[in-house]
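Chains here go by letter, A, B, C, D, E, F and G, matching the order in which they are written, and residues are numbered from 1 within each.
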Amino acid sequence: MIHTLESAARDLFLSGAARTVAGRIIGIVGFFILTRIAIRIGVRTVHRLLNSPAVKMDERRRGTLTSLLDNVVRYTLYFIYFLIFLELCNFHVQTLLAGAGLAGLVVGLGAQSLIKDVLTGLFILFEDQYGVGDYVKINNFTGTVDSIGLRVTRIRAWTGEIEIIPNGKIQQVTNYSRNNSLAVVDVGVRSDADLQQAMAVMESVMRDVASESEDVVGPVQVLGVQAITQTEVTLRATAECRPMNQFGVERLCRLRIKEAFDRAGIPLASSQREI
Amino acid sequence: MIHTLESAARDLFLSGAARTVAGRIIGIVGFFILTRIAIRIGVRTVHRLLNSPAVKMDERRRGTLTSLLDNVVRYTLYFIYFLIFLELCNFHVQTLLAGAGLAGLVVGLGAQSLIKDVLTGLFILFEDQYGVGDYVKINNFTGTVDSIGLRVTRIRAWTGEIEIIPNGKIQQVTNYSRNNSLAVVDVGVRSDADLQQAMAVMESVMRDVASESEDVVGPVQVLGVQAITQTEVTLRATAECRPMNQFGVERLCRLRIKEAFDRAGIPLASSQREI
Amino acid sequence: MIHTLESAARDLFLSGAARTVAGRIIGIVGFFILTRIAIRIGVRTVHRLLNSPAVKMDERRRGTLTSLLDNVVRYTLYFIYFLIFLELCNFHVQTLLAGAGLAGLVVGLGAQSLIKDVLTGLFILFEDQYGVGDYVKINNFTGTVDSIGLRVTRIRAWTGEIEIIPNGKIQQVTNYSRNNSLAVVDVGVRSDADLQQAMAVMESVMRDVASESEDVVGPVQVLGVQAITQTEVTLRATAECRPMNQFGVERLCRLRIKEAFDRAGIPLASSQREI
Amino acid sequence: MIHTLESAARDLFLSGAARTVAGRIIGIVGFFILTRIAIRIGVRTVHRLLNSPAVKMDERRRGTLTSLLDNVVRYTLYFIYFLIFLELCNFHVQTLLAGAGLAGLVVGLGAQSLIKDVLTGLFILFEDQYGVGDYVKINNFTGTVDSIGLRVTRIRAWTGEIEIIPNGKIQQVTNYSRNNSLAVVDVGVRSDADLQQAMAVMESVMRDVASESEDVVGPVQVLGVQAITQTEVTLRATAECRPMNQFGVERLCRLRIKEAFDRAGIPLASSQREI
Amino acid sequence: MIHTLESAARDLFLSGAARTVAGRIIGIVGFFILTRIAIRIGVRTVHRLLNSPAVKMDERRRGTLTSLLDNVVRYTLYFIYFLIFLELCNFHVQTLLAGAGLAGLVVGLGAQSLIKDVLTGLFILFEDQYGVGDYVKINNFTGTVDSIGLRVTRIRAWTGEIEIIPNGKIQQVTNYSRNNSLAVVDVGVRSDADLQQAMAVMESVMRDVASESEDVVGPVQVLGVQAITQTEVTLRATAECRPMNQFGVERLCRLRIKEAFDRAGIPLASSQREI
Amino acid sequence: MIHTLESAARDLFLSGAARTVAGRIIGIVGFFILTRIAIRIGVRTVHRLLNSPAVKMDERRRGTLTSLLDNVVRYTLYFIYFLIFLELCNFHVQTLLAGAGLAGLVVGLGAQSLIKDVLTGLFILFEDQYGVGDYVKINNFTGTVDSIGLRVTRIRAWTGEIEIIPNGKIQQVTNYSRNNSLAVVDVGVRSDADLQQAMAVMESVMRDVASESEDVVGPVQVLGVQAITQTEVTLRATAECRPMNQFGVERLCRLRIKEAFDRAGIPLASSQREI
Amino acid sequence: MIHTLESAARDLFLSGAARTVAGRIIGIVGFFILTRIAIRIGVRTVHRLLNSPAVKMDERRRGTLTSLLDNVVRYTLYFIYFLIFLELCNFHVQTLLAGAGLAGLVVGLGAQSLIKDVLTGLFILFEDQYGVGDYVKINNFTGTVDSIGLRVTRIRAWTGEIEIIPNGKIQQVTNYSRNNSLAVVDVGVRSDADLQQAMAVMESVMRDVASESEDVVGPVQVLGVQAITQTEVTLRATAECRPMNQFGVERLCRLRIKEAFDRAGIPLASSQREI
């Protein structure tokens, strides 16, 4: 299909009209418009195909594939346009960059990081490292995957900004959406608090939260004395939550524990000391 | 067009006059002046074309294209001038750098980062990573995109300075102008504050701000107890705002919450403690 | 076997049908489906073989091998599919990348990090650096090894997220599952505490914990005064535990020591000072 | 011109005298003196030409061009001297470095960073990233550009020291002299201060400063509550100033606001607390 | 010997049976089993040889050599197995990677870090940088050397975990087991302490510890006032100890000095201040 | 001259005596002694020439040239010695490193950083980045330039140690000896101080110091309120001093301002607060 | 000599016995023993020669040369042994690594850092950057140079551990043993102290120390007010000491100044404040 399209384009634009400068410019502009139309049609076809009920896929994979194929269609057509464009302009550049070795060197240098981006992108998809909609951390940036392209991945932070990372620059991927997440609640009590009582209160609060909140799907646990620092004794409790719902659970637990401690008279490290 | 221009220049300057040293110098200077004029004409044509009402484009894309085409016209003419200049001077350099391999190596080394800059620049445009006027963060520098060139991107910080970054040095792009931004307001209250009351006051203040300010376009939320540190209990609220208007909203919320807390007698962590 | 499979595929798809564009597309799609089926069959065979009672292996090695062979089967079939795909499409790409040297350069550049990943992966397995289920620290990320592939290692943190690290990016491996772990308990007492008494109390608490907890498998030791800082005197005790159970033991020790110190009137550094 | 000069030099020094060692040394020394004289004449000519009233240029561009052409003249003559010197000495070095490949490699390695420096320098000039006299920040060093050479840029810090940076080592350029600068004044007040009153006082002070100081060229603004920390409430005001005059304006504003707050009884965060 | 083994294997597996796919698979599996047996025999022989009383070596060198030869035997047999395996499979790979240059490139890229690891490993052994059992610090990781292989070094931390470092990644080695170690005891006293008395008490305590503990093998010294900070005056004493026993000596000294200072009424910086 | 010397050496040592091993060893040793004598004579000649009253140079340039020519003489003779040495030994090395390509690669790799060092050194001298005796900062090390060699620069810190930096490792040079230095005196006063009075006192003190000290050569200035922090209000004054004398001036100013503030009753931030 | 030794070895071991595998093994082991004996003899000869009274050298240079020649003898013999070893084993490796280009690549890659180490080591010696016994700082590690080898430098820290640094990894060298060291004593006094009196007391103490201690060889100086921070006024004094004796002098000065200040009633910043 690609071949046919390109041949037609070449026959059309390079045969007669291309002999004059004006003809070439018209050709370039014309083909530019044709390319844009082709891109739109291609992209729409991809969307329609993938979102038709005939294709059985879960939502996450459908999003990933749509964003990828969009990309493939776009870049393929850009590439063809670029080749036609080069041929239409190609009356002087070649004589400048005559040496094939030099041209090869130049292309190689330029293409190097591009190839690395695309290859890493393919591996991300084949190995299913993350899909559109996953909550991930890539190179110190955390957010929801917006789209996975052949060359770049876009992530949307919870505060709204879009981060664009070339795939080849990705060093480590942390995917938060694969397993249940663990809510970890650390509470610092004063050194004169009764630890056994505090842990008992914590456990009962955690159980209440677990029975009440739908986000908690696993067991809750009061792990015990996490640290004894110079100013406080830190107690830790955990609860298994649905992926990425641990932040809300942690906030709820903190509120409830604070209130329960106040009721039970267990002094928080931040509570007013009597001097 | 480029071809014609260059041929004419070459015929004019290299045929007769170029045989004497003086003639060459005149040629170089003359062609330098011609180049400057050509650049002005080219740049004006680009501006007129893109800003004519016939071209239907949104403002952002128009700015980006204008700044880019400016660049393309400039560099193409610089390049032609450089070639003519080399040919006019070219009576001794060649014998020095006789070995083609060495010359290729030298050119390749020099051109390497240049090509990388241009390629990255093209991808920024094709992938629409950011446009002129977007508020972005590139390599730890934050500001409004001033212009996108083939080789460098210029960013204007809110305090006025211009940052110039070669495109090939861009590692990660954060674009704040694509989605609504989230205003995040953290307020630390004293450990003896009534958290339920504090959260209720916060929520009512946030609602007031949302109904009052046009910058708030989405729902407001009081998330809850973000952290319990040794000196305070941190409460967090959020509000969805129009892109890049969150800073003003956050400032307004802080002012209102402070005043509402003072009225309601909820002690801030920074409030005077009675000892 | 691979040879046979590929020959058959090639005979089938490239002979007749491949002469038309439509035929090629059908061939690509058809072979894509065949590849998926082949992968499923291959993966299942691997699982059945390795998990059959006839194969005598400890659980850890069985998990590692299963995850590895899965990978080998998958990538081999992907590779064959890719070759067939290239041959089916291969009517224009070749003329573009005509120069073999350039193609070699491009392939070499792309394949470089891939080969490094696979080689490092093989060494991890041959040298038994870690297996599936080990608790490891790789490049500042700590967790349980989820799977070891030819190209990437997946680690599951204790809070649930999955970290994906290309094998070639692994710099140093710390394996916590090979030896017994040492629980280290540092407790800071006030400067006016009786150190001999405090160390005696600590020792008796540590012995109680050791006799009580099954996780403590080696001797307990009170090492002595670890540091004298401006605000406290730090005492240190250790206990040898079963691998990765030291955290629970440390928590238990901290709780018991705190309670024993309170009973014995030994002031902790965090205890309320009388002014 | 260069050619003529070099040919004459070569004829003179290499023909007869160069046959003896003494003659060569005399030749080297003599040509060394000639080179120095030529440099002086060249540099003076450049200065006279560029500073003649006939050349219409603004001061900044004139400084930049003078410093650059100085450089070009110097290095060209150094280079010619070096070639003559090599030919005069060249009776043994060549036999040592016989292999042309090795020599090419060595030259390439040595010339690599030199070429990168010069190319980056040219782009700095072509793209007008900064000129002589601009206040810039390059690689964590801030100051006024003293000179832009082909190879290095010299910057003078406000405390007087000269920083010398090879152009090829320049990563990011921040130019403070292109736009108006924004004076940003942050003042921390105590938690018990009346914020509305404080902001009103600030605004009136800022207006006074703006009407009084010639350095303020744009509107002043009291942005509001920038942050609520554990010890203070930070208020922020801004004023648009002429480039690089914001530091003086900020100092003036701080003094005036401090005095106005003292008069109005608004407590600064640093004010003595009554206990 | 290696040659004989491999020839036999090749004759056996490649002659007749290898003509069929099934025969090849049997050959691969069979040779895999043979390789495992050969490794076991080789490793046992190495152990028996090196640990026989006939070989006169100190314990440290014996451990190092055993761990090394183990490695050499293993990798040599793995390598032979890999070659046989390639020959048995080698009916399609070759046609894919036809270009010898490309294959060389790929092998070179892959082998690069492997060769660096082995070379560095050899230098570690030849230069006796560390042996099995030494307490070392390599790249920010401290512990006892567990084994030195051709490719990796394994270190066991005092808390039990195993660190695996490729030899080629080793930057700097710090060996604590070569010389006596110096116990350094810093004690901070209050500003109103009598320094001469404090130093005298310290000296007498250090002498007692030295005469009492077998770990102290060199002279003890009270160096004097190490620092005067805003909160304390730091005194320093040292004692030469047997390698790696300084930690215990330091703890003992701290305990004794604390007790002696309490007896003598010299106030520690951490002691309760009377206000 | 070099040629003659080397030819004589070669004739002498390689003709007859070199045929036996003993003769070669004698030759190597003998030539070693000759080289040392030649170096001494060469170095002395350089010193005498450059320090003779006939040569008109300022002291700084004389020091730089002496240290450089020393170096050139030394390395040239080392190099000749090395070549002779190689020829005398050269009966086996060549057969080992038979392949010229490999030898070239090895030499190139080894010579790479050496060439970079020498080239950077030449540019430091040509561009007069610093001379012997200048006070500079190179790569985070500050001190007086002790000597500039072809390969390394030596710097003497004010506390006496010598820092040796290969020229090729120099990233940025800060030269403090080119311009007058600016003494910057920051003094923090308490929030309740009268700022106008404090600034007036500061100004009068600065004027006194300027009229009294010969090191102050430019105007003194009280810039104003540099910062308002939570604990103090910082005032800044400056004075232009002779290069590198600003430290003494700053110390003097601090002493005088402290005394003047005490006399005038202006409270320093560090002054005792009455509670 | 080397040639003779190797020829003999080759004649002996490769002629007859080497035809059988057993003979080869015997040859390898036998030559291994011979090599060890040769190393011992060579090393002893070097020591005897360099330490004989006939050789006139200062102690430092003698130590450096002994440690270097030891190294040269050792590595030369290792290298010869390695070559013989290769020839004895060399019946299969060659056929594997048939391509000379690949072998060259592999050797070059492996040898690269080795050559860099040796070249840097030679420059350290030629340029006399440091010698055995010097107190130096190399790459953040400080200590006394223990030995300088062709490939690595060993440093002994003052606490006893040995640091081993490959010469090629050395970035910057700081040598403390070349010049006198400067003892720098900073003392912080309270804001209400009489600075003139404090400086006078300091000066008299410094003079006493200088007249009393043999380590002080240059003038003492009280520089003045180094800094005025929020909590103290820092005074600085210096004394020129013999190399590396400044630490003892500093400690003595601190002790004496503390005592003198206590006698004179000058309050240290760390002294108890009366509230």
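One rule holds in what follows: a residue touches a chain if its C-beta (ideal position, glycine included) is under 8 Å from a C-beta of that chain, and two chains touch if they have at least 3 such contacts.
The shown structure was predicted, so the numbers you read here are calculated from the model rather than taken from an experiment.
When the CA atoms of chain D are superposed on those of chain G, the rotation angle is 105 degrees to the nearest 5. The mean-CA centres of chain C and chain E are about 22 angstrom from one another, to the nearest whole unit.
For the pair chain E and chain F, the distance between C-alpha centroids works out to 40 Å. With centres defined as mean CA coordinates, chain E is found 50 Å away from chain B.
Multi-chain contact residues of chain B, defined as those touching 2 or more other chains: 231-232, 275.
Under the stated contact rule, the graph of chain-to-chain touches is a ring, a single cycle where every chain has exactly two partners. The cyclic arrangement of chains, read from chain F in the direction of chain G, is F, G, E, C, A, B, D. Residues of chain C that touch chain E in their complex: 1-4, 6, 83, 100, 104, 107-108, 111-112, 115-116, 119, 123, 126-127, 129, 137, 171-176, 178-182, 184, 190-192, 195-196, 223-233, 236, 240, 243, 246, 273, 275. The touching residues of chain F, counted against chain G in their complex, run 21, 78, 91-92, 96, 99, 101-102, 105-106, 109-110, 113-114, 139, 141, 149, 151-152, 156, 158-165, 169, 187-188, 231-232, 248, 251-252, 254-255, 258-259, 268-272, 275.
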